[in-house]
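As structure tokens, the structure follows; a few thoughts come after it.
A, B, C and D label the chains in the order they appear, each numbered from 1.
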Amino acid sequence: MANSKYEYVKDFEVNDNILPHTWIVIRIDGRAFTKFSQAHQFQKPNDLQALLLMNASAVAVVEDLADVVFAYGVSDEYSFVLRKTSTLYQRRASKLISVICSLFASSYVMNWGKYFPETKLQYAPAFDGRAVCYPSESILRDYLSWRQVDCHINNQYNTCFWNLVGSGKSTAESQNMLKGTTADVKNNLLFDTFKINYNDLPQIFRKGSIVYRKKVEKVVKVEDGQEIKRLRSCAVVEHEDIIRDNFWTQYPYILGGK
Amino acid sequence: MANSKYEYVKDFEVNDNILPHTWIVIRIDGRAFTKFSQAHQFQKPNDLQALLLMNASAVAVVEDLADVVFAYGVSDEYSFVLRKTSTLYQRRASKLISVICSLFASSYVMNWGKYFPETKLQYAPAFDGRAVCYPSESILRDYLSWRQVDCHINNQYNTCFWNLVGSGKSTAESQNMLKGTTADVKNNLLFDTFKINYNDLPQIFRKGSIVYRKKVEKVVKVEDGQEIKRLRSCAVVEHEDIIRDNFWTQYPYILGGK
Amino acid sequence: MANSKYEYVKDFEVNDNILPHTWIVIRIDGRAFTKFSQAHQFQKPNDLQALLLMNASAVAVVEDLADVVFAYGVSDEYSFVLRKTSTLYQRRASKLISVICSLFASSYVMNWGKYFPETKLQYAPAFDGRAVCYPSESILRDYLSWRQVDCHINNQYNTCFWNLVGSGKSTAESQNMLKGTTADVKNNLLFDTFKINYNDLPQIFRKGSIVYRKKVEKVVKVEDGQEIKRLRSCAVVEHEDIIRDNFWTQYPYILGGK
Amino acid sequence: MANSKYEYVKDFEVNDNILPHTWIVIRIDGRAFTKFSQAHQFQKPNDLQALLLMNASAVAVVEDLADVVFAYGVSDEYSFVLRKTSTLYQRRASKLISVICSLFASSYVMNWGKYFPETKLQYAPAFDGRAVCYPSESILRDYLSWRQVDCHINNQYNTCFWNLVGSGKSTAESQNMLKGTTADVKNNLLFDTFKINYNDLPQIFRKGSIVYRKKVEKVVKVEDGQEIKRLRSCAVVEHEDIIRDNFWTQYPYILGGK
């Protein structure tokens, strides 16, 4: 039985190749993670274990896909940057989105027990994704800055909000108190009322997480009781400022390399 | 710190909404599953446990997403059909693809131990996906027929091939013997040489698997030692012929319903 | 000098093929025709010569492109319907739009003198175009109904408006008088104040224009002083109601033909 | 009669906005111009009047659309470059293509009589168009180089071919003689057989035509019998090399300006 009679249905497939020579960003978001975080009793405003699990899943993606040169994560979202000249999956948006989302999701489930040894995974998590492309390094940098500024704004607000709620205010009262307040007012509220110096909060909460490849010393074998170390390129997780130039000047190969 | 300075980067996002009033098919494929099936020693030509795991993951998708009215699976691929009038995620291709792929992948990992209790999952599986839309029920039916014919052709070839290999032939010899042979020749080879009547092979291998919603009797409670049953709609897995009209005539609500 | 060094730039071209087996509509609109109609002193609310020129240009498009099975025009806009199975220019949206728009524009200029023998064409007119596709005949019919209803609504309003202005009212006064009025009120205003029975206005103003192919008797030669006539298929212009079924029942080949 | 019942058909329209911050090129081509040039007896290999008419039409486009900063024409094709930051028609591909194609076509017809005073325009010409975008100035320059190299290759071949045909060879013989020949061989053929020094041919044939805005002295009024001149920006046509850097270094504002 030949299949030629039905093969015309392939003509309905569409090309979704992304413009060549542009930076591709695949951004993924936890689907309905408000409910997911409640079902698994994530701490508010930030659950460190949940963030570390997100980071471990992102590392799995970066280690698997050589063309992903950088990733930035905050809360239940992660952005993966593919190098400008990548031809992975012929730059087809649907392939890139689906492989990254599904690899992230299956890594998330596989790593769950490591970060939540006491908590049973209640149901299968999902992540939605999208592809965006940026024609220049400068606009790509603006994209990453946009996400890191968002991280800061949300974290500052949420830190105030959950401390107010923790101090006995209702959610409505807490929202009202914060409505329209400037960053300064929020910082003062944290310091005066809750004795929290915002800048002393962990970097991972204030800056989010970055993943990129870096040459680090690794023990490659042990000989006569001595560790033999070698420089090896591997994916690392850090919590640096990526808005200013410093980071990018220090690691020019991340965006500059072939 | 307002974020408005960077928000222009959102202008680079593109719309990928799928044409309204058309049938949407999201087809997903295991990424590099030749390697994955070897790493986990899947049986050839068909590994029943691996197929059941695929089906369980597909059921998870159908149960989660009400707009998925039908699914068809064969080997490491699955096609999910969304009803014509669906507005799920505003019919955005990237959202539909990513949510279905990631939900499928995380369900696959969560269910792994149930179907492979003795085999450790070696690494995170991924699935690539694509969206296609069909303007009429008739063309959608042709799409599904295309996949089921493909299932049959591949299964017949693979059954011959792996039996030849199992009988001591090299892969090259086996390929040569099958090259250009008709269905009849393959059936005779199976019967004469290996005493296999092709039509006696399990339906799941020859027809693939379908998933759809059906009213089935379910025990809803036990009263005075008696089971109380009610008709409940739930996702079932079957292995029917979906090329001829019979199945569709029997369940007109699958494609015909709102 | 080979050109291969630069040919990579072709990789930036994108596919814009329209989904197969759907009805394609190319709708074109006069660019800045408010200014154009003033520059050429078109009569208000309707300039018959300008409409006849639009129709002549549409006929040129229909006669040139066999796959255009129907066209509907109103004011400075025209919609061209391509049959569902058309593969003209591989259904590439940019090709279809550009060829139809430019053919319409050059026909418009070529025919100008015939309809405006006393008026010099002041500058080159332009038309913008778009492509939309519809998955079923029923939705295509709704599209055409949408345009014809629009024709009626605009014509009724404009007939009132320009009669008020002609009677000495300012444009602001006239707009105010019509604001929020129902069709009945407008019809009564026309009848009571201006002695105009709306239904007596020419069909071309109230219904717009349709173009389609029809077998009509044509004189093919003259023999011994006698005209020999034959049925010939040619593009005709009419002003029928295309919202109700009558027209489509009478000419089933228009949308039904191969 | 409200139109809301049918307005849902607008949901089938698609966005075709071109990626921001990229160079947009709209390239148009004469539709079936082999036939058109025969019908109007254009000279071979190049008809100067036909090229001047193409240029006049391109000037009309450049003068009308401020965002078109450069245009390059050869034979019956023209490429229009929109500045990187253009938001004309919200960068919608269909609008840009259709307006440029139709404006070009209607200008072509309006200007016909000026360049072909003795030849009647036989039928309405059409142009097909496409939109391509380039993420950097360097790639845009490669695009323009690609077209100018093509101009040279085609012109050299056609000059040989039509001289051979003019000398009495059949078209098949002429094609055979030129098959696979290098540029040198073609130049020698022209010189030895036809006494033509290729580099002495008019620039417009060898380089094509460029259109851009330039400040030129224009007579703005005559006072007391004296012409008063002022620098005015207007579209000029030239035939420069645009592959090397010279031209672009001399006019940095063309691609560099806002």
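Assume a residue touches a chain if its C-beta (ideal position, glycine included) is under 8 Å from a C-beta of that chain, and two chains touch if they have at least 3 such contacts.
Going by UniProt, the chains are A, B, C, D = tRNA(His) guanylyltransferase.
Everything quoted here is computed from the prediction, not taken from an experiment.
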Interface with more contacting C-beta pairs, comparing A-C to A-D: A-D
Most widely separated chain from subunit B, with each centre as the mean of CA atoms: D
Inter-chain centre distance, subunit A versus subunit B - centres from mean C-alpha coordinates, in Å: 30
Subunit A and subunit D, separation of their C-alpha mean positions in angstrom: 47
Averaged-CA centre spacing for the pair subunit C and subunit A, given as whole angstrom: 52
Contacts with two or more other chains, residues of subunit A listed in rising order: 12, 14, 19, 133, 139
Chain contact topology (line, ring, star, complete or other): complete
Contact set on subunit C toward subunit D in their complex: 1, 3, 6-9, 12-14, 16, 28, 31, 60, 64, 89, 93-95, 97-99, 101-110, 121, 124-134, 139, 142-143, 145-146, 149-150, 152-153, 183
Subunit A-touching residues of subunit D, taken from the complex the two chains share: 19-22, 133, 135-136, 139
Footprint of subunit B on subunit D - complex, ascending: 11-12, 14-15, 17, 19-21
